[in-house]
Amino acid sequence: MIDPSLIVDLLSKNVLETGNPLGVSNEKINNWWKETKIKSRGEWLFFTGMLYQLTPYIESLVSYLEKFENSKIQSILKFARYFRFLAFPTLKLVTPKRSVEESNEILKNIYSLLDSSVEVFYIPELDTYNGILLYDYGDDESFATHAKFVVKKLKEANIKKIVTADPHTTYALKVLYPKFTDADFEVRSYLELINPKKVSKNGEFVIHDPCYYGRYLEISDLVREKLKKTGINYKDVRYSKKLTNCCGGPIEALTPKISKAVAELRAKELGNSKILTMCPICLANLRRVNVDAIDISLVLCNESGRAE
Amino acid sequence: MDIYEALANKSIRNGILRSLRNLSPQVEKNLQEHPYLLEYAEELKKAKVEVLENLDFWIDKASKILQAKGVEVFYARDASEARNIAEKIVGANKIVVKAKSMVSEEIHLREHLEKMGNEVLETDLGELIVQLANDKPMHSVIPALHYSEEQVAEILKKIGVNGKNAEELAKGVRIFMRKKFLNADVGISGCNALSAETGRIFLIENEGNIRLSTTLPKRYIALVGIEKILPNDELALKSVLVQAAFFGTFPPTYINVNEKVDGQEMYAIFIDNGRKVTEFREQLLCIRCGRCQLECPVFQNLGNVWGGSAYGGPMGVVWTAITEKRSEICFLSTLCGKCREVCPMKINIPEMMRKIRRLLKKSFRG
Amino acid sequence: MNLAELSRFVEILRSHNVEVIVSTDAHKELQNFKGNDFVITNALSADERTGIIFMGGFENRKNASLAEHHIVVLKAEDIRKDVISAYNFASSKSNCIFASSSPSKTADIEGKTVFGMHGPRKLTVILEVKEEV
């Protein structure tokens, strides 16, 4: 296991200094909206929490960390220095452009699905990292500080209703922020708000419920209702919904090898159909074991397809 | 074995997944056919919460009733005290037959009694295999799930048991162990539940080794984790039934309700070992069915190697924080929440994993 | 207990690999068992839903645990609707309660079930009913 103190300290330092776990300003990674017609007013504020944007870079980081895991190098100072060196400029170089484009494509699709269903708007300056990693690693103080910063910005902009793109951001805003701050927003996952139409997608899909939608927020049935409307041919495995199994993603930074082994087990359970994911971390981690997986937003409407 | 060796050891993963395939549908079936078990679980949780809020009262009550029935009662604050108490009762050069007990693993009693010159035998087949292999139980209910039939055959040769398959091997162990049971000086068991109303100790099993271990020897020691106390027989019975159903084998083949009888000396050692003062009190609701272990994706890859010296897996990480103050292993959890979902007591293990991390984070900064 | 309930109970026991003999005269049935490798215990009660059979007494427990073949005589009128009632009924009649629901078994080697691990290899229940069923 990578020394947790290294990861936790770097993470909280980055988030508190730059608002982002990679220590990079949001403008550098948040580009999806530039090629989309976004509205600046409406009923529901679209809030990505930066998870889709960050994931391609985190994946590159993880593939580097994997080389150090369980090696003696990690215990010496050199590693700590190397770890800091792996900051954004380096990461950007080693991160496949394709992954970044795919993330943008997913967010564009989510926005367009929302746009045809509700009064949605987007303000890039308000969109911020959700802080969930700090919470997961038990750094409640830093998480609270960050959450207060995010909530203050949203409140100053007079935001009341928020629609999110991924399960971790949904859980953070809907469940955790009210516990750690004075947040009282109405929060929904985009999957709850959209009204998808019939689509023409071939092949059989299998659903991989993310833990946060399956167990923590319990919206798995709703997702299936929406899928039914599209006419997509999907199936469920024994371990789905409340009993879904983890993709292994949450431990990828501390132990990429075990994280991958967890993904392997999950991939085996899911079988040979194309896997539908609803979370950037699930998508990335399952793909580490070479499965055919696609974000659900890319199959929920016809216009998409470029990223398929 | 470290976590990376465990990861590379396919037999751990295969054994766990095989057990999961066998048991998980059984759990579902048990709850479908016996829906009242879910009510039992709820009642049990409520009772356990109340007992834990007044633990001193209940320990006192249980001790008094046991003493009134002629049981000699001890209280061990930690593992070393527990070992010393047991050592004094057992003495040296004795034959000791042990029922499988996690609390005994926790205090490393077998090794200690062996050092004192006793012949100590684990009587549960799986635990015996682990003992002979100098290994650690890989799961709290199925300790030898990571050994193949062939490997078991090799291991059992140490006690002169020969056989080609499970049937023959079990038969050989039965004959070997029967002689030990008949000649044993002391029997030791854990305790699945203790009724503070009657001082009765409830123990479930399938093999019959607990019944033999606690009936044949003239001297019987029950190791009782203080969280096992329940107000009455009814709740104690419900507790063992829920435990069996959520593990997967229901009804249990045997239910033993042990109490002081004429002709047998009986000792009860209450074991605290971090329980009373723990910040993770919710974990004390655990009835050790082992379901969170089999269902956990990290445990499925690492087995009990992901744990402390006795307990592993989701519940084991928290138990280890309670009993050994060892806790960095909590970072291997994905916090996926499956353990809480399948737990009969709905223990919020992910939240406690985070709490352990929170406490550790303070030590990083320090 | 009506006929349907009784036959369901028998079915449950049989699904646990228990040999069941239904008879109006348990004593007569017992005469059919020859040899000396069996132990007979009179049951105190049983649970209709699970097939758990409660017995009592330290000597009985010792003998039952050592037996190769355990024969239990159970009166149909002692069967209770649920396991708690069955336990309470047994406990009102004896100390040192113990229960069995199947022959001794283990699945500790590769999950393969083997009967007769440490306890009785065979469990027979003679279910005594009042009239011919």
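We just call them A, B and C in the order they show up, numbering each chain from 1.
Basically, a residue touches a chain if its C-beta (ideal position, glycine included) is under 8 Å from a C-beta of that chain, and two chains touch if they have at least 3 such contacts.
This structure is a prediction, so every number in the text was calculated from the model and none was measured.
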| item | value |
| --- | --- |
| Chain separated most widely from subunit C, comparing mean CA positions | A |
| Two chains sharing the most C-beta contacts | B-C |
| Geometric centre distance via CA averages, subunit C-subunit A, whole Å | 57 |
| Centre-of-Cα separation between subunit B and subunit A, whole angstrom | 39 |
| Separation of mean Cα positions, subunit C and subunit B [Å, integer] | 27 |
| Residues of subunit C engaged with two or more neighbouring chains | none |
| Contact footprint of subunit B on subunit A as seen in their complex | 1, 4-5, 8-9, 70, 135-140, 211, 215-216, 242-246, 248-251, 254-255, 257-259, 261-262, 265-266 |
| Complex contacts: residues of subunit C adjacent to subunit B | 16, 49-52, 58, 61-62, 64-66, 82-84, 87-88, 91, 95-112, 114, 116-120 |
| Residues of subunit B that touch subunit C when the two form their complex | 15, 18-19, 22, 34, 36, 123-126, 129, 142-145, 147-149, 152, 165-167, 169-171, 173-174, 177-178, 181, 200, 206-209, 211-212, 215-216, 233-234, 237-238, 241, 250-259, 261-264 |
| Touch list for subunit B against partner subunit A, complex | 3-4, 7, 13, 17, 297-298, 300-302, 328, 331-338, 340-342, 354-361, 364 |
